[in-house]
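Below are structures written as structure tokens.
First chain A sits with chain B, and in the next complex the same chain sits with chain C.
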Partner chain A sequence: MSPNLEQIAELKGHIDRVWSVAWSPTGNVLASCGGDKTVRLWVPTSENGSSEWTCTHVLEGAHKRTIRSVTWSPDGRQLATASFDALTGIWERGEDGDYECVATLEGHENETKSVAWSSSGSLLATCGRDKSVWIWEVAQDNDFECLSVLQEHTQDVKMVIWHPTDELLVSASYDDTIKIWRDDDDDWYCSDTLEGHESTVWAIDFDKTGDYLVSASDDKTLKFWKSFPNNNQEGMDTYRVHPKWKCVHTLSGQHSRCVYSVSWSKVHGLIASGSGDNVIRVFEQDKSQNDTDSPNFSLVASVSSAHGVADVNCIQWYPTEKHSNWLATAGDDGIVRIWRFVE
Partner chain B sequence: MPELINANPTIYATSKNSLRVITADDENEDIEDMIDSREVFDLIRSISDPEHPLTLEELNVTQLEHVTVDDNNDSVVIEFTPTIPHCSMATLIGLCIRVRLLRSLPERFKVDINVRKGTHQSEQAVNKQLNDKERVAAALENAHLLEVVNQCLTTAYARGTIKRHQ
Partner chain C sequence: MSVILKDLNDYIAPSQACIKPVEVKKTNDDKNNVIKIDDSGGYYEVSQEGIETKLQTAQITLDDCLACSGCITSAESVLITMQSREELYNVLKLNKEAIDQNNLDQKKTVVISMAPQSIASIAAKYDLTPLQVAKRLTHFFKSLGVHYVFDTSFSRDFSLLESAREFVERYQLYQEKQQKKPPQDNNIKSTKIKRNGTSENDGAMNEAKLPMLASACPGWICYAEKTHGFILPYISQTKSPQQIMGSVVKDHLANKLGIKPNNIYHVGVMMCFDKKLEASRPDFFNDYYQVRDVDCVITTGEVDKMFEENNFDIKISEESLLDSFIKTSQEGALLRSSGSSSGGYLEFILEYAARELFNITGVDVEKEQGVIVKIGRNKDFKEVTLEIDGKPVLKFASAYGFRNIQNLVRKIKSSNSPYHYVEVMACPSGCINGGGQLKPDETIPMKDWISQVNNIYRNVNSLSPEKNDVVLNLYSEWLDGINSEKSKKLLRTQYHAVEITLVNPLAVKW
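Up next, the complex of A and B:
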């Protein structure tokens, strides 16, 4: 039998479109957020994971508008939310077991679209429609200090993510580009601009090594980018001494509408994408190939109408070995779904 | 009174009646009625212009020929023509069309709304914004903007008399 995706659970509770889902770093809890201005936390009712899931918490009250994205701190203690109300919320579980908003980060002029923690947990990045990317230092006692405001994108910034191990930030924008940001003694600068997509770049994810990046776009393609170090054999110019990113593969013809989300599993390397054509696709890197400068990816599984007639807004692989074949998706139908990839 | 963007627009004669004709098949319960371009045009033709007491049809902003519907593939594509190439209302007009269709078409339809090629100087920018659902969602959370859109849509129900097949 060929590999496929089986739905194992359907999580209902949101009363508006679900924009984003995020597994906690240990995978035990799934957070979801959306147009109803809440975050919901979900856990399976049995250890082995079943079709029965419960919503254990509803985080609300801190945001006045849509919560566009949610993410966990690397230690799993805190959650960060990016909202159309221009604020970023930081949530923590109190002694009474409930989550409360312990800090709100202000500064963006309007809609905040995405928030991400660095791998060490010491830095936070936010971005939004005001075209800027902000870098915050996480101090003691839920104090966040703005280190830098980066304004090189010429349009709405849709998403930020950090490198899996290094203090390297990546942002994706409505200006069709991806930018790589580094710091030099707390002076943050753009070390590379990745051009190639023909429309908005909605999502980005690293592979587990951090040497490859995948991007998803309104141009209906997924692009794979590789970082070529300074003095690379290919003779490509680099900025200062930093690696230069180059598109090494484009997946076209797999989605018929905007690709809103992409997730690259750090456990097994499969790549999953979710789109406005209601389809989920799973891709695998061709194993027979040794040429890492021009990797090839092939489709291994898909689900049409994954959320009925609704767009798939977000997709994320379970982060650890335990249920690494699980995939969570968020839809415009207000439902969160959990899938199992079966080989 | 603020200065109008287009003070003297050309007004086009419109048909008083819907361009749809109810056929015998339409009344046959055993035949599935597909949504066609006439039906979708009827939904948007009577939306009011944001600055004139005229409909989008009267201003020739929307035309039947520029509505493409593929019911089998859940697809609707609308092209509209701003009254002047520098019309700053173009995005708002497109947003009104989008909201009207969001509210009245079955959810399965994916709707693309674009300025007709060559009719607006910021064609690409307007199109990109109208088709970015995140920005549309954010715009519709703006109470003032939503009120303006709703105002333009108060006339949208008017679509003339639908002729019946004899």
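Up next, the complex of A and C:
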């Protein structure tokens, strides 16, 4: 039997579309957020029976508009939310067990779209409709210092993510590009611009090594990018002696509409994508290949109408070995779904 | 136009395309005419007879820029077209024609006021001293028909003295208020403030908000007015050096020469594009004479272009004597004020306040004497503390660049600012690195270039504004003395929150 995806749970509770889902670093809790201005935290009711889930917390009151994305700090103690009300919220679990908003970061002029914690937890990045990417340093007492405001994208910035180990930031934008940002003596600058997508880049993810990136775009493709070291044999130009990113593979013909989200499992290396044609697809790198400079990827499983007639807004692999074949998706139907990838 | 300001990071950049509608004025009321748009986006009205008339698109003025909440600072293309060297050339040309036709009452007196940062930038590029640049620029401008060439180091001394007095007033009022009243919530929401100046904002001084924030940077002022109305009462009401020069030229010089302000054409040579916007503020417009205090601002880069256009080689140019309103020593050497190349506000105000408020003399911030200087998380944030018996009594800071402004604004908003005064500048590295300055050859890293221009600026000897006799004399001769009504009227200004208007949704790019 060929591999497939089977739905194991439907998480209902949001009263508007769900924009984003995020597993806590250990995978014990799933956070979701959306148009109803809340974040909901979900856990399976029992260890074995994974079909029943409970919403343990509803985080609300801090944002006046849609919460576009949610993310956990690397230590799992805090959550960050990016909202259309221009604020970024920082949430922490208090002694009474409830989560409260302990800080709001102001600065973006209007809608913030995405927020991400660096691997060490010491930096936070945000981006938004004002075309800017902000880097914040986590100071004491839930205070955040703005380290940099990067304004080189020419349009709305859709998503920011950090490298799995290094202080290297990546942003994806409506200007069809991906930008790589580095720090040099406290000055953040763009070290590379990845051009190739023909429309908005909605989502990006690293592989577990951080040497490869995958991007999802409104041009209906997924692109794979590899970082080539400075002394590479291709003799490509480099900027400030940093690696240069180059597109090594394009997956097209797999989605008939905009690809909104992509997740690259850090455990087993499968790539899952979700799109505006309501489809989830899972891709695998061809193992027979030895040439890592031109990897090939092929479709191994898919689900159509994953959220009925609704868009799949976000997709994320379970982060650890324990349930590494689980996927969470968020849809315009207001439902969060958990899937199991069966080989 | 964006070529000019490309590759800048951490500056306050316009965040969206200009949203001012382009209105199409039809040539007549004939309803049967149609509008045609050609490939290049030009609009034509086509009458029934098939005659095409090109339609004018609406002009966007700097006034529109100031009143609009669309982008945080100025759309540079508008700045460049509204105030340009072409305007200056045009005035000079009309002057020549007036002389040729013996229409001397049509002739305008043309005055240039140069920023010392612009002089330093030109000095760096052409390997000259600032004094050589000042004398050669004087020669250059006068050869084009300009009558007077001044510098804004001169008017900045007024700005420093007024800022320091304003700080001491605020500090004393603040202390009184603290003693009288229980502590209050500082998060007073900004209220709509009318442009005619009759609103409650006139009483802003009575609020005596601390920290006092520097007012010389128009990029910062514009940003504060458009996005942080609550912070306006914190901003010093003292005019910038450029605008004080405007008062000197259009009030004092006009009276002295016996000519009307509208017969003087006053041009600023500045390190910064936003100085054009500052010159256009309605607050600096003389309603009676229908004229601005500063008629036109051109940047350092535009002056460099003027050299080319006039085949002027500054390396081998003759030198002219300097005019009177330039800050010079008795021997004729250029002078500056001590401290940062953004004007030395922090340094002078701290030294003045230490003496006036705590009787501590001999503080020299530039030499780090009598104060504790701490560089912040990045080089564009600096803290300077004056201590008495190990206890801080005055805490000043300089915050340059967008990121540091952000942190400062958030601290003040949450009442967590420990500062009494902050020298705020929108550009990283401050005014010496203004957007209008000359760029280095590609071989020279930007950091090295900025530090070179900075060194040239700071190698000029300094003299305290309190020892500038020309300025002190003008206080009595022109302003009816220190703290007079006239000095308040001519040396201070006010700020206005821009109302957020609903953005045209069609112009927004998501």
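Keep in mind that, in the parts below, the second predicted complex is superposed on the first by the 342 of 343 C-alpha atoms of A that agree within 3 Å, B and C clash if a C-alpha of one lies under 4 Å from a C-alpha of the other, contacts with A are read in each partner's own complex, and residues count from 1 in each chain.
Keep in mind that, in the parts below, a residue touches a chain if its C-beta (ideal position, glycine included) is under 8 Å from a C-beta of that chain, and two chains touch if they have at least 3 such contacts.
Just so it is clear, the model here is predicted, and its values are computed rather than measured.
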Q: Considering only the touch criterion stated at the top, classify A:A310 as touching first (chain B), second (chain C), both, or neither.
A: first
Q. Is A:D211 touching the first partner chain B, the second partner chain C, both, or neither of them?
A. neither
Q: For A:E284, select first, second, both or neither according to whether it touches chain B, chain C, the two together, or no partner.
A: neither
Q.
If we overlay the two complexes on their shared chain A, which of chain B and chain C does A:C146 touch? Say first, second, both or neither.
A. second
Q: Check the residue A:D156 against both partner chains and state whether it touches chain B (first), chain C (second), both, or neither.
A: both
Q: In the overlay, answer first, second, both or neither for which of chain B and chain C A:R129 touches.
A: both
(Q) Tell me the contact category for A:G35 with respect to chain B and chain C: first, second, both or neither. (A) first
Q: Considering only touches as defined above, state whether A:G107 meets chain B (first), chain C (second), both or neither.
A: second
Q) A:Y174 contacts which: chain B (first), chain C (second), both, neither? A) both
Q.
Shared contact residues on chain A, chain B side and chain C side combined as an intersection?
A. 129, 156, 174
(Q) Looking at the complex, which residues from chain B come into contact with chain A? (A) 74, 107-108, 110, 128, 131-135, 137-138, 141
**Q.** Residue numbers on chain A that touch chain C, as the complex places them
**A.** 106-107, 109, 129-132, 137, 145-152, 155-156, 174, 186-189
Q. Contact residues on chain A for chain B in the complex?
A. 17, 35, 65-66, 68, 84, 110-111, 113, 129, 156, 158, 174, 199-200, 218, 257, 276-277, 309-311
(Q) Help me check something: in the complex, which residues belonging to chain C touch chain A? (A) 9-11, 13, 15-16, 72, 227, 377-379, 402-404, 406-407, 410, 413, 508-510
